[in-house]
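These are the structures, in C-alpha cells.
In the two complexes that follow, chain A is the common piece, with chain B as its partner first and chain C second.
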Partner chain A sequence: MNTVLWIIFLPIILFVIGTFMLGYSRKFIARIERRYGPPIQQVFYDVFKLMSKKTNISHGWMHDIAMLVLLGGTLATLYFVPVPGFSYFAQYGDMLVIMYILLVPALGMALGVGETANPNGSIGISRALMMLAGYDIPFVLTFIGFGMLNHTTSMYDLMMIQQAGGFTSWGLISNPLLGIAALIALQGMIGEKPFEVMVAPHEIATGPMTEMGGKFLGIMMIQHAISLVVELTLYINLFLGGAMNWFEYIIKLFVLFTVLISVNAVFGRFRTDDAVRFMWKIPLPMAVIGILFIIF
Partner chain B sequence: MSIVSNLLLITLAGVVLNVLFYKSKTVQKYLSLLLFTALAYFSFTMYGQVGLHFDFPFLIAGQSIGFTITYLNYYFTIMITGITLLLVIFSLKYMEGKEGSTHYYTVLFLKTFGMLGVVLSSDIITFFVFWEIMSWSTFALMSTGGNEAPKSAFKYFVFAITASMILMVGVVLSYSLFGSFDFNIIRSGIPSLTLPMTGFLLTIFITAFAIESAVFPVHSWLPNGYSNTFTTFTAYLSGISTRIGIYGIILFLFGIFGMETVDKLSIIGKINFRYVLGVFAAITMVVPTFTALYQHDAKKLIAWHSIGQGGYMLIGLASGSALGIAGGMLHILNYLTYQVLIVFAIASVQYRTGTTNLNKLGGLIKKMPVSFLALLFGIIGLAGLPPMNVFVSKWFIYRALILEGYPFLAIAAVIGTLGTILSVYKLIHNMFLGQLPERYNDIKEVGFSMQLPMWILMIVVFGLGVFPGFAMGLIAKIQVSLGLAAVPYSLHGVTAEGGQLNMLVVNVLFVSGMFVTWIIYLLGSRRKHVGQYNNYAGGHFLNKDVAYNFNYEFYAAMEHVIDPYRKKIIERTERGIVGLTDAVSEYVRRIYTGMINTYAIYVLTAFVITIILLKELI
Partner chain C sequence: MEEKLTQRSVWEKISAKLTKRSLWMLHYCTGCGAVELPPTMTARFDMERFGINPMVTPRQADILLITGYLSIKTLKRVVLTYEQMQGPKYVVGFGSCTINGGMYWNSYATMKSLDRYIPVETYIAGCMPRPEAIIASFNDLIAKIDRGEANSWKEYYNNYDFYKENQNKVFEGPIETYNDIKADAALFKI
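Entry: the complex of A and B
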C-alpha cells in the first residue's frame, strides 16, 4: 500500500521540488545581476500557461511520440533512484540501468526535434550529443571507480555504505578527486553554464526548443524539472552520503544546486569543442587519478 | 542420414542447383527460399540431438574426422540459418533487376556451407578445410556488386590468406604435439604442455581468429570490403560472417584450452593473456566507433560499427567471469539481430532512393515509416539503450568489468557506447529526419516481402529485451558444457545473486510512464500537423527552393576535438605497422631471387631436411 502511494506521489513531489528549484535559480541569478527577478513560483505558472495554449503545432508522429518518450523515460528513471523512504525499485535496476535509461529520454527528444526539420534544432541536438560524450565519460568513470571500490553496482548499496560509515565515508570526502570530477561533470549534465551550448538562445534560437510550443514545451518543462532533481539526487546518493530523511534530502538538493548555479551565474558559454576538451582534460584525468589511488 | 549431413547436403545442393539454373533468376530465387527454409527447419530441430557425432566415411592419417553437435555450435547454427532465411526473403524483391547478380544465391549457399562446416566440425582438420571454403566464399561475396568491390575484396583476400596460413601453422603444430586432429584429444593434451608452448599455440589460434573478426590492428580490410558489396551481403557479412572468428575464440579459449590453462599465462600480476586480449578489445571498441563518426556513407558507417561491436563480445569473453562471458556470448545474438535490422533499413532506403550517401538523404520518415521504425529499433539496440535486447548483454559486460576490477576496460566500453550514440543519431537523422528533398516527394514504402524480415527482427530485438531469459537458457547451457560457471539468469534478467536487473520492471515502468505522459498530453488542446516549410526561419519565408537543413559535417566540433588524437596516435600506429610490414616483406622478397638455381637449392634443402626429420620420426 505504502509502495503504491509512493509510486503515485513521488513524480508529483519531485516535480514540485524541481519547479521550485528552477524558480529559485531564476531569482538567485537575477539578484546576482541586480535585477528583482520573477516570483519563485513562476515556473509553475509557465507550465500551466503552456499546457493550456489553444494552438499546438506538431511536425509529424515522431514529434508527438517524442514527448511520450521524453517524459515517460524520465518517469521510469526516477523510480530507480533511491530517495529517503522509498527504494523499492532499487532491487530491479542498478546504477548502470539508471545511467542508460537516463539517455532514453534524450534520444526520444533528439528524434522528435529531428522531425521538426529545423536546422537550429538539429544543431542543438548535435551539440547536446557531443556534450553528452564530454560529460558522461568522466561521470560514469567516477561511478565505476566507486562501484569497484565497494564491489557493487547498486546505487542503494553505495548509499547505505556511506550512511553506515558516517560523514567521513561520503564519496566526496573519502575520494575527493572522484567527487570533484563528478561535480564538474554534473554541471554539464544539468546543462548549466558554461556547458549550455546546446540551448544557446542568441545563436541557434534555443536549439532543440525552436519548434516546440504550447503543450510540447510544457511537457519539456515538466521533464526538465523532474530530471534536474533526478540528476542531482544521483550525485547526492553517490557522493554526499544520500539522505536519511526528506529534510536532509531537500537541504542537500538546494545546497548542491546553489553551488552549481553560482558557477552558472558567473560564467559565459563554452564553445562545444572547448567544452568537450575541458571535460576530457580536467575531470577525466582527475577521475583516472582517483581510480589509480583506489587500485594502489 | 544424420542431421549434420542434411544441413551440409542442402547447402551443397543449393550451390549446384543455382549454378545449373543460372539462366533463370526466378527459379534461383524460389529454389533458394525453399532450401533455406528447409535448412532453418533442420537446424532448429538439432536441439534434441546435442552430443551426436557424424564422421566422414574415410580416414585421414588413420583418424576419423567429422562433425559433432554441441550447445555452442547449435547456437551458432541457428543464428546462421535463421538470418540467411530472413536475408533470402528480403532479397526476393531487393535483388530484382540488379546487375551482376547471376551468382548471388550460389555464393550465398557456398558461404553458408563453409560457415556451417566450421561451426559444426569436431576436429581441427575439418575446421581448417571449411575455414578455407568460408574465406574463399567471403571473397566471392565481397567481389560482387559495384566497381569498387573487387579491389576491396582483394584487400580482404590478403588478410584472409594470412589468417589461413597462421591457422595452418596451428593445425600442423597441434598435430605434431598431440598426434591427433580431434578437439577432445587436443583438449586433454593441453595441460601437459609447457607454459611457453601453450602461450604460443593459443596466440597462433587467437591471432588467426582475430583477423577474421577484425580486431583492431588487423581490421582495415573490413570497412571497404563490407560497404562496397550488395547491401544485403553487407548485412550477412557484418551480421554473422565476422562473428565466426568470435566462435573460434570461444571454442579455443574456453572449449579447448580452458580457463584454468589460459589463466596460468600470466605476465605480471593481473596482466595475463585475458587482460591483453581485453586491451585489444577495448581499442577495438573505441577507435572504430569514433572513426564511424566521420563517415558520410550509411553502409560504411555501419561497417565500422561492426568492428566496434566485436570489441564488446571480445571484452566480455576476456573478463573471464560467468556474467561477462554470458554477456559476450549473448551480444553475438543481439548484435546479429539489430545489425541486420539496421542494414535492411538502409537497404530499403537504397532500394527506393538509389543512394546511401548521408549528405543527400533526409526527411524520409514521412515516406517510409516502417523502415524508419526498423532503423529506430536497430539504433536503440546498437547504442545499447533500454528497452532493447542489447542493453542486457551490455549490462552484463559493464557489470562484469566493474566487479572483476577492470575500471579502464569498463570505461572503454562506456566511451564506445557514447561514440555509438553519436554516430547512430547522425545515421537516423540524416536519412529519415530533417528536411525532405523535393526529389523524394513521390517515394513509397517498400513492399511486404521486404517489410516482413524487418518486422520479425523488430519483434526479436524488442522481445529479447523484455525476456532475455529465452536466450540466456541456451547461453547458460553453453557455459556449463564448456566447464564454466553458468550465469544466474531469470526470464527477465538476472536473479538477485547476479545483480539488479529486471527488464520487465524497466519496460513496465517505461510503458506506464509513457501512458501517464499521454494523459498529460491529451489534457492540452488538440495538436495540428503542419508541413516542413511551416517553420521558424528567423523571419524568412521557406519554400522548396530554400535548402533549410543541417546534416553535412554533423559533428564538426567533435572532429576538431578528436583529430589531434587521431593524427598523433592512430595514424602513427598505422604508419608503424605499415613500415614494419614493409621491412619484413623486403627481407622475405629477397628469398625470391628470380634465378632458377636458387630455387633448385631451396627445393633440395627442403628435401634433405624432410628426409632427416622423417628418419628421426621413424
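Entry: the complex of A and C
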C-alpha cells in the first residue's frame, strides 16, 4: 500500500520541488543581474497558463504521442532513482537500466519535433543528440569507475556504501577526479550554460520548443522540472552520499543546483562543436585518469 | 438576465488570477520603438517581476507587441505571426503610428489603424512612449485579464470576414496563411 502511494505521489512531489528550483534559479539569476526578479512560484504560473490555453495546434498524431513518450520516459526514470523513503524499484533496477531509460525522453522529443517539420526544431534536436554524445560518455565512465571501486553497479548499493562510510567516503571526496568530471557532465545534462546549445533562444528560437505552444509546451515544462530533479538526484546518490531523509535531500539538491546555476549565470554559450570538444577534452580524460587511479 | 450571462464561474476567476501572472511577449519591432524595450526588460524597469518575459516564437507567446508603423509588407508578416499564436492572445499597439498612422499619416506605404486588420487589446499612445508607459500598459492589461475583459482575441475568430476583407483591401488580393481560422473556431468552440 505504501509503495502504491509513493508511486502515485512521487512524480507530483518531484514536480513541486523541480518548479521551485526553476523559480529559485530565475530569482537567483535576476539578483545577479541586479533585477528584482519574478516570484519564486513563477514557474507554477507559467505551467498553469500553458495548460489553460484555449487553442492548442497539433501537427499530427506523432506530435501528440511524442509528448507522452517524453513524459513517460522521465517518469520511468524517476522510479529507478532512490529517493529518501522510496527505493522499491531502485533495489532491483541497476544503474545501467537508468542510463538506458534516460535516453527515452530525448528520443520522444526527436519524434515529436520531427512531425512539426520546423527547421529550427530539427537543428535543436541534432544539437541535443550531439550534446548527448558529449556529456554521456564522461558521465558513464565516471559511473563505471565508481562502480569498479565498490564492485557493484546498483545505485542503491553505491548510496548505501557511502552512507555507511560517512563523509569521507562520498564519491566527490574519495575520487575527486571522477566527481568533478561528473559535475561538468551534469552541467551539460541539465542543459545550463555554457552547454545550453539545444535551446539557444537567440540563435535557433528555443530549438525543439519552437513549434510547441499551449499544452505541448506545458508538458515539456513539467518534464523539464521533473528531469532536473532526477538528474541532480543521480549525482547526489553517486557522489554526494545520497540522502536518508527529505531535509538532507532538499538541502543537497539546492546546494548542488546553486553551484550549477552560478556557473550558468556568468557564462556565455559555447558553440555546439566547441561544447562537445570541451566535453571530450576536459571531463573525459579526467574520468579516464580517475579510472586508471582505481585500477592501479 | 443580461448580467447572468456575463458572470464568470469561480474556476474562471481563479484561472484569471493565475494566468495574469504569466504573460510571454513576442515583440515585433520593425518600426522605431525597439530601443525602449531593453530598459523595460533589464535592471532599470525589470518587467519579469510581473511575470512578463520576452519569448522568441509566436507559438509560445501571449502578447504581440507591435512597435511603431507597419508598412504593407510588414503587416503581412504580422498577420501570419498573429494567426500562429495560441489563444488567449493579446495585441498591444505601441506608439501613435499604430493608432492613427502618426507622423506617417500621408505615407502611401504604411497602414494607419492597426485594429482594422487584427484585434488590438490595448494601445500605448506617444511618440515615443517611455518604458514607464509600457509598464503601465502591461499593468492595465493584467488588470483587464483579471476582470475577464481581455477577450479581443475572440473577435478575430468571430468577425474573421471583417478582418479578412480589410486585409485583402491593402494586400490587393488574399494572402496565403497557414491557419484555417474558421475551422479552428469550430474545433475549439470559440
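One rule holds in what follows: the second predicted complex is superposed on the first by the 294 of 296 C-alpha atoms of A that agree within 3 Å, B and C clash if a C-alpha of one lies under 4 Å from a C-alpha of the other, contacts with A are read in each partner's own complex, and residues count from 1 in each chain.
Everything that follows uses one rule, which is that contacts are C-beta pairs under 8 Å (C-beta built on N, C-alpha and C of every residue); 3 or more make two chains touch, one makes a residue touch a chain.
Since we're looking at a predicted model, the values are computed, not measured.
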Which holds for A:Pro201: it touches chain B only (first), chain C only (second), both, or neither? second
Is A:Met212 in contact with chain B, with chain C, with both, or with neither (first, second, both, neither)? second
Touch test for A:Gly37: chain B only (first), chain C only (second), both, or neither? second
Decide which partner touches more residues of chain A, taking chain B and chain C as the two options. B
Quick one: is A:Thr55 in contact with chain B, with chain C, with both, or with neither? Answer first, second, both or neither. both
Does the superposition put A:Leu129 against chain B (first), chain C (second), both, or neither? first
Could you tell me if A:Ile173 is touching chain B, chain C, both of them or neither one (first, second, both, neither)? neither
Between chain B (first) and chain C (second), which, if any, makes contact with A:Asp46: first, second, both or neither? second
Residues of chain A that sit at the chain B interface in one complex and at the chain C interface in the other, please. 52-57, 205, 210-211, 214
Taking the touch rule as given, give the residues of chain C at its contact with chain A in the complex, in rising order. 15, 18-19, 21-23, 42-43, 46, 48-49, 51, 56-57, 59-60, 62, 85-88, 179, 184, 188, 190
Contacting residues of chain A [partner chain B, same complex]: 11, 51-62, 64, 67-76, 79, 89-94, 96-97, 100-101, 103-104, 107, 110-111, 114-120, 122-123, 125-127, 129-130, 132-133, 136-137, 140-141, 144-145, 147-148, 151-154, 205, 210-211, 214-216, 218-219, 222, 271-273, 276-277, 280, 288, 291, 295
Over in the complex, which chain A residues touch chain C? Could you list them? 26, 30, 33-39, 42, 44-46, 48-49, 52-57, 201-202, 205-206, 209-214, 217
Over in the complex, which chain B residues touch chain A? Could you list them? 363, 365-366, 369, 372, 376, 380, 383-386, 391, 394-395, 398-399, 402-403, 405, 407-408, 410-411, 414-415, 418-419, 421-422, 425, 428-429, 432-436, 496, 499-502, 505-506, 509-518, 520-521, 523-530, 532, 534-536, 538, 548-551, 554-555, 557-558, 560-561
